[in-house]
Amino acid sequence: MSARIHYKNLGKSGLRVSMVGLGTWVTFGAQTSDETAEEILTLAYESGINFFDTAEVYAAGKAEIVLGNILQKKQWRRSSYIVSSKIYWGGKAETEKGLSRKHIIEGLKGSLERLQLEYVDIVFANKPDVHTPMEETVRAFTHVINQGWAMYWGTSRWSPTDIMEAYSVARQFNLIPPVAEQTEYHLFQREKVELQMPELYHKIGIGTVIWSPLASGILTGKYDDGIPIHSRAALKGYSWLKDKILSEEGRRQQGKLREVAEVADRIGCSLSQLAIAWCLKNENVNCVLLGASNVDQLYENIQAVQVGWVNQLYENIQAVQVGWVGWGGASNVDQLYENIQAVQYISKLTPNIMHELDRLLGNKPKANRRDNVSR
Amino acid sequence: MSARIHYKNLGKSGLRVSMVGLGTWVTFGAQTSDETAEEILTLAYESGINFFDTAEVYAAGKAEIVLGNILQKKQWRRSSYIVSSKIYWGGKAETEKGLSRKHIIEGLKGSLERLQLEYVDIVFANKPDVHTPMEETVRAFTHVINQGWAMYWGTSRWSPTDIMEAYSVARQFNLIPPVAEQTEYHLFQREKVELQMPELYHKIGIGTVIWSPLASGILTGKYDDGIPIHSRAALKGYSWLKDKILSEEGRRQQGKLREVAEVADRIGCSLSQLAIAWCLKNENVNCVLLGASNVDQLYENIQAVQVGWVNQLYENIQAVQVGWVGWGGASNVDQLYENIQAVQYISKLTPNIMHELDRLLGNKPKANRRDNVSR
Amino acid sequence: MSARIHYKNLGKSGLRVSMVGLGTWVTFGAQTSDETAEEILTLAYESGINFFDTAEVYAAGKAEIVLGNILQKKQWRRSSYIVSSKIYWGGKAETEKGLSRKHIIEGLKGSLERLQLEYVDIVFANKPDVHTPMEETVRAFTHVINQGWAMYWGTSRWSPTDIMEAYSVARQFNLIPPVAEQTEYHLFQREKVELQMPELYHKIGIGTVIWSPLASGILTGKYDDGIPIHSRAALKGYSWLKDKILSEEGRRQQGKLREVAEVADRIGCSLSQLAIAWCLKNENVNCVLLGASNVDQLYENIQAVQVGWVNQLYENIQAVQVGWVGWGGASNVDQLYENIQAVQYISKLTPNIMHELDRLLGNKPKANRRDNVSR
Amino acid sequence: MSARIHYKNLGKSGLRVSMVGLGTWVTFGAQTSDETAEEILTLAYESGINFFDTAEVYAAGKAEIVLGNILQKKQWRRSSYIVSSKIYWGGKAETEKGLSRKHIIEGLKGSLERLQLEYVDIVFANKPDVHTPMEETVRAFTHVINQGWAMYWGTSRWSPTDIMEAYSVARQFNLIPPVAEQTEYHLFQREKVELQMPELYHKIGIGTVIWSPLASGILTGKYDDGIPIHSRAALKGYSWLKDKILSEEGRRQQGKLREVAEVADRIGCSLSQLAIAWCLKNENVNCVLLGASNVDQLYENIQAVQVGWVNQLYENIQAVQVGWVGWGGASNVDQLYENIQAVQYISKLTPNIMHELDRLLGNKPKANRRDNVSR
């Protein structure tokens, strides 16, 4: 077996995260049975993935329970993996939401109980809370870190200005600043990650963890002919996704996707693999969170790492410091995929292919053209 | 005469600026004769405009000289108006550019000498300088304020993250934070002012001064049939503007402009007036800088204030704090415009008209739609 | 029995360490049986040595286990001795190395478990980590001290600039600065301890603990005729030591060593004793860590203290504050050495002998000669 | 004429200094007549050199007087050049030396008077003062900057630990940290600039200005046959230089120099030019201060810039941001040198030549070899 995961520091922190992480949204405690969840987590861990992401809100806490049970059963060394959870929506009561001191502390305690852990590695604010003063939120995250309930804190879906405000408050009051932002990034949503996150990294060391590399499944191509009955867009509570797919913009994107699929064919990988590899090519991205509702899906997606990593290696001067872990066990499912000669498409996401994709998508973000005019 | 200028605080600072200011870019010391410049400045001042904006780079310092000479001649009370200048491009020597301590201090001293002033009210950084540490820049602006050479400092064409960094450094080292950002804003460039500046205002009190409300003249409609020989786009050094107008995107915009012009007709004002009034309707905007190469042009544009202000009054809860000054003198030029029944189109830029414009332009910025989904 | 250990403050901290400490590198859990380890530790403790140094990486954690078991068995008062461990290489997983917050916390917890201790007295960073921000590292050491898991923190093999950076970050953010640096020092490696550590002591109170006073055994003279089969240089993983000894520079050093051995003869002590006594003569050194793979070796080396201490007493104005503890028990092994009239060579490491050694070695570090020229 | 000076930021400050600067030590007010001094300064300025360095102690203040008179006469724009002076030895009285608040303030005022300037750009501490607390020194430099008498402050001949202490004190008390260190660097003295300054640059942004690129003239080869009667080593007060040259080490260096001269021959430049170009190849060096006792000497040395700059351009990714100024006037002296086809040796200081020089000199500094051993 040849796939390998490599590792990066999360932002400018000292935490080493695998370049792909495992998300538990929609799957653990919901779409996926507990047995399958265990298979998925095991494949991930044995493949060298060390970052498992969850949230208090996922499946109303059940995602954390399922993840906690598996970790408890497996007894992997606590220091060998990273668990993150997210706080914002904890319950129905008025005081069980948002980023107040009360909810950050109570919410995280609830997560730790469900996870059966003494601490998470990263606690994320699941979204900004305009009704709580930033000082209160930053003080509360600093508090839970000082209590030993978390190692680091981060943000999710915050604007660059929100993040800079948190940093500024941390500096002003000598509190602990955040280390990373979780944000959406895929072929059809590029601006924040490509234009704004690098600035945040260079100025204050914020790392980038991305979710939805497949645009909630849109980039798998499965909505090419409409909404399949068992797909996520058909789930209760996902009507926004259905609407998005069926919108004019959605149809336009399906058209582009067909062209992208041809590029994938040419390289010899699936559309999903290309979409994930494309995210990994962006050196500002520290970690791509993959979801999987079954082992085969995860397996296929891990292959994407191979599409990206060699170029990454050449392009990124820091890559020399990278460590490696080998593939773990080889289940039957794995053998099913042995024929896939992943090596064939390694390094095929060349600058030329990348430019072709940019042209095809027509959405490469650009900074204001007149920056050097002496107005 | 019925036109009235009203005033707003610049950001959350205590400085009261007229909602329209007078810019001197391209005009003073360049396109415009010194006599005309004096007429324009006089009309502006007498109309209640209290904010005159220039820069060390405009006409290589001549804009400041012309402005300084007029102020010297007129002998208006120094306390009755606001002068701002901008520092970045001061001279050809390697040390005469950028936002180093050396250039901020020497550049501002040069400006004060040319302006024959003891101090400016606001000194702006004309663009960000990635090669100078933010700490040095913020310390230098704080220094010139402490020396009494400026009352406030601001930024121009900085990203929200740049501005937040300046704020953060100011808070960390107990220095003086900036009060306002100068930025481009018009019918065809909306995102920064509509999405990002409000956040900066609410979080750290940054005000918004806008330039180019007519998109370098594009929104006057004068490029409808190409590039007129005496227009700005025909000037040496403005080939970027010519290219922009003649590009595919430029032609597409001209098409939209024709439709916008119909709306203006319907309301009963000129295209320029509508464009300026449209900027003023945005309550995040503290001041719109108008340029004028002759008095008529300025006069026409000041009328736009009337289109906008009444709605503003109703909509803006802060309007109760607003003060007024009457029209100043009524020159012959003024009488030329008496037929314009400004009152007729006051309050005609209704919510309906605004929505129609949004639909027509198709570029209303929107934040990520999924912000409230509990991912 | 006449040998005596005396004590010094560790840097400008209040912690009183014996001038010789016991290192466990290469020996405990590796070269040395558990029984011998116990004998050695017992001799050390009973001789007045109160400082036992280990690291999570030594023998992959076994050194800590052996040390912990002996301490558990012996039941000496916890307050009567000092245990230090070092964090950097904790395990094979990507997150089990370096000076990230995660690894400092998890690594130290692991050490405490293996040592069966509630806290160590000093936790050292085993080497600098250029990939983790200094702020994160200093915050994490402050955290573990605030949790009660360590009393002090220190550095090992850090450059003076690294140490000053840690100090600077601690002062800037009101965190706890380090108290001591562990560093290599012996007849053939002098510069850092003789030129740089005094500056760090005087400026910020950093103490100096030295290891390898015998240059990994080179200064015992045992490599005079090549690499003996049971020596450390013959061990797996020590090829760097073998290469060093057999290099041109290594052979040159062996030549000098023969001359140094003649000086030792003249004084009447062994080469090792002279080498250790020479380290102790340097008053900037707070503690010399000795390793020993058997009791005799330790015993011989402790004698070295006698060679040095009396002169020290006369020379060091702080010596009036020095406390003493007497020899502990006298085992048979001790009696074996009674013939050694340690008194004979006390005070023989005179200024003349020291100068002779300097001339012989030809490596006395010197600061730039022109420091007082008024360039 | 083809020589060009390029510019670099001084450390991480925003100040743009020419890569060669003009020193006035030994020359202005001493060896050199006022007329020659003016010729030299004029050639330097017109060649694009923008950095003139002096000190209160040089020729007991006369160097500053000569420099001030020339600047006064020439009337170049103050913003187009950089003047630095150094404080330490100001007079014979007990209170006229060192880095006390009293002497920094009084010393700098004296310098400004002699220079007939309102401010210097950089005020350097000419050496460390162990008898004044660092806090007093840093507060005093911050004070003179806040008074407008200097733009920046720096250090000269300070150890890395001294510099880090100044930085630490600045951060602790919110004072202004230094921007650059002036230090000796040439073929025979490498360690500080090659090993320690990069660390200071990366951690706290300190720049490196170097003096004595020709080792007080030793690297011109003029002492090859002893001490010529009119050389600097024959001057009163330079017996230390004479001693150095005639020492055993000095003679050994003369031997190496003969070999280096052969390399220079091969490249087609003089020994001095090679020595200066070699300094400029080190990308940690921001500025090399050249002295000159006549115009021809300066002219020859400026040529060295050509030897170095093209490689520099290729190797340094930041070089793309570099601006250029052309040669100024062409005096008769210049024409004398037109035959020197400087272009012939551009880019001849290749990696191979650099390695040959390293081998030849045998003094390339190296960091401790065992940094990655898990002791």
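In this document, chain identifiers A, B, C and D correspond to the written order of the chains, with residue numbering beginning at 1 in each.
Just so we're on the same page, contacts are C-beta pairs under 8 Å (C-beta built on N, C-alpha and C of every residue); 3 or more make two chains touch, one makes a residue touch a chain.
Keep in mind the model is a prediction, meaning the values are calculated, not measured.
A.B. asks: With touch defined as above, tell me whether subunit C and subunit D contact each other through largely the same residue numbers, more than half shared, or through different ones.
C.D. replies: same
A.B. asks: Taking each chain's centre as the mean of its CA atoms, which one is most distant from subunit D?
C.D. replies: A
A.B. asks: For subunit C versus subunit D, what separation do you get between their C-alpha means, in angstrom?
C.D. replies: Chain centroid spacing, subunit C to subunit D, equals 41 Å.
A.B. asks: Would you kindly tell me how far, in whole Å, the mean C-alpha position of subunit D lies from that of subunit B?
C.D. replies: That pair's centroid distance is 46 Å.
A.B. asks: Once you find the CA centre of subunit B and the CA centre of subunit C, what distance in Å lies between them?
C.D. replies: Subunit B and subunit C have C-alpha centres separated by 68 Å.
A.B. asks: What pairs of chains are touching here?
C.D. replies: A-B, A-C, B-D, C-D
A.B. asks: Please name which positions on subunit D make contact with subunit C in the complex.
C.D. replies: Touch residues, subunit D against subunit C: 25, 55, 57, 88-89, 126-127, 134, 157, 159-162, 164-165, 167-168, 171-172, 184, 196, 199-200, 203-204, 211, 240, 368-371, 373-375.
A.B. asks: List the residues on subunit D that touch subunit B in their complex, please.
C.D. replies: Subunit D reaches subunit B through residues 7, 9, 12-16, 18, 50, 77-82, 121, 145-146, 148, 151-152, 174, 176, 205, 321, 323, 325.
A.B. asks: Would you mind writing out the residues of subunit C in touch with subunit A in their complex?
C.D. replies: Contact set of subunit C toward subunit A: 90-91, 93-103, 105-107, 110, 129, 131-133, 136-137, 139, 143, 146-147, 173-174.
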